[in-house]
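Here it is, the structure, as structure tokens.
Chain nomenclature is as follows: A, B and C, assigned in order of appearance, with residue numbering initiated at 1 for each chain independently.
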Amino acid sequence: MNRQSSLEFSTPGRGTSDITDAVARVVAESGVQTGLVHVFVQHTSCSLTITENADPDVRRDLDTILGRLAPDGDPAYRHDLEGPDDMAAHARSVLTDTGVTIPIGRGRLLLGTWQGIFLWEHRTDAQVRHVIVTVLGD
Amino acid sequence: MNRQSSLEFSTPGRGTSDITDAVARVVAESGVQTGLVHVFVQHTSCSLTITENADPDVRRDLDTILGRLAPDGDPAYRHDLEGPDDMAAHARSVLTDTGVTIPIGRGRLLLGTWQGIFLWEHRTDAQVRHVIVTVLGD
Amino acid sequence: MNRQSSLEFSTPGRGTSDITDAVARVVAESGVQTGLVHVFVQHTSCSLTITENADPDVRRDLDTILGRLAPDGDPAYRHDLEGPDDMAAHARSVLTDTGVTIPIGRGRLLLGTWQGIFLWEHRTDAQVRHVIVTVLGD
């Protein structure tokens, strides 16, 4: 039994948006009791991550850390067609995840208490992002 | 044909534990011949990785590298409720993997000769960690 | 309905090879209309990533960034049996992905316009790499 949905999210620029509820809705509608849900962004300058859902400072600190690992406007970059955040965004996407997979049990997402699914925008400007959610199982 | 198991591991604090055999057991018990096994930690301060299984210095060096990318007690962190390793552990979890997926063929994990599946504790103190293993296939 | 293929790629040493077409062929041959395809490298010193497929400078910049995060020949490494790129390659593998999963819809890979699937060699010398492609779905 499979189900696939295409979701659209507007991001306000760099930072994280909690999409756990949207993914949980697709799982509930699928009727799958035991299986997997896969979440995928069709872009190369944003990403997905599963991280702490309680204290927003965690996501702020994660942006601080990525800002060191792949800084904006680094003079070593050759790819800067769309501005100083262009290559930094591609690199941050690669260092995190284009897709995440979460187990489903008893018809529900088997996330831990403190886990949320976040869409992570790495461009500084607002964007519209497309996400494919696929459910496989019984 | 699906099978899902919940496993529990005690970690002695920061470092890696080889959980390949535990995952292989769930695969063997599932009877699945061709498919995928997904392994997922229900936590945001430890992670999973597939890496070299022969020389323990590899995992030691990986901890050294993560210690530079996301150092303990960085003054830039705002989130430090649980101590200097708190935010560092969340960041190391995000830079590695909350879940890994491995192909199954002829009823066995299709890992390469030098690949092992490791539970990677990022907190300095001992923890109990919950892992969900889900097998999908025929 | 499942299908699994073992692919072999020769890499010319450090850098990326676009394997999107080879993965798409396995998906087409599977006949699966809705589902997931999982791509897995059986090695610990190369990796897979989904990134920008248009401007090769993006992949060059990604190598530059990884070269800072996990430099060759770092004196802190204990594992250097196979040369200065040995531990750096393991670390770059862990910071990127051993496996990637892509949704399938209407029998095709649901990649975004600018997304490609790349095999990323982290060793400096040429290698032969084995990749397992597994398709699950209806």
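Annotations for the structure displayed:
Keep this in mind: a residue touches a chain if its C-beta (ideal position, glycine included) is under 8 Å from a C-beta of that chain, and two chains touch if they have at least 3 such contacts.
Note that the structure is a prediction, hence the values are computed from the model and not measured.
Shared numbers divided by all numbers used gives the overlap of an interface; between chain A and chain C this overlap falls below half, so the copies present different residues. Between chain A and chain B, the superposing rotation on Cα atoms measures out at 120°, rounded to the nearest 5. Inter-chain spacing, taken between the CA centroids of chain A and chain C, is 20 Å.
Contacts with at least two other chains are made by residues 69, 95, 97, 101, 136 of chain A. Put simply, chain A touches chain C in their complex at residues 2, 4, 38, 40-44, 69-70, 76-79, 81, 87, 90-91, 93-95, 97-99, 101, 130, 132, 134, 136.
Chain A meets chain B in the complex at residues 34-36, 49-52, 55, 57-58, 60-62, 64-65, 69, 95-97, 100-103, 105, 110-115, 136-138.
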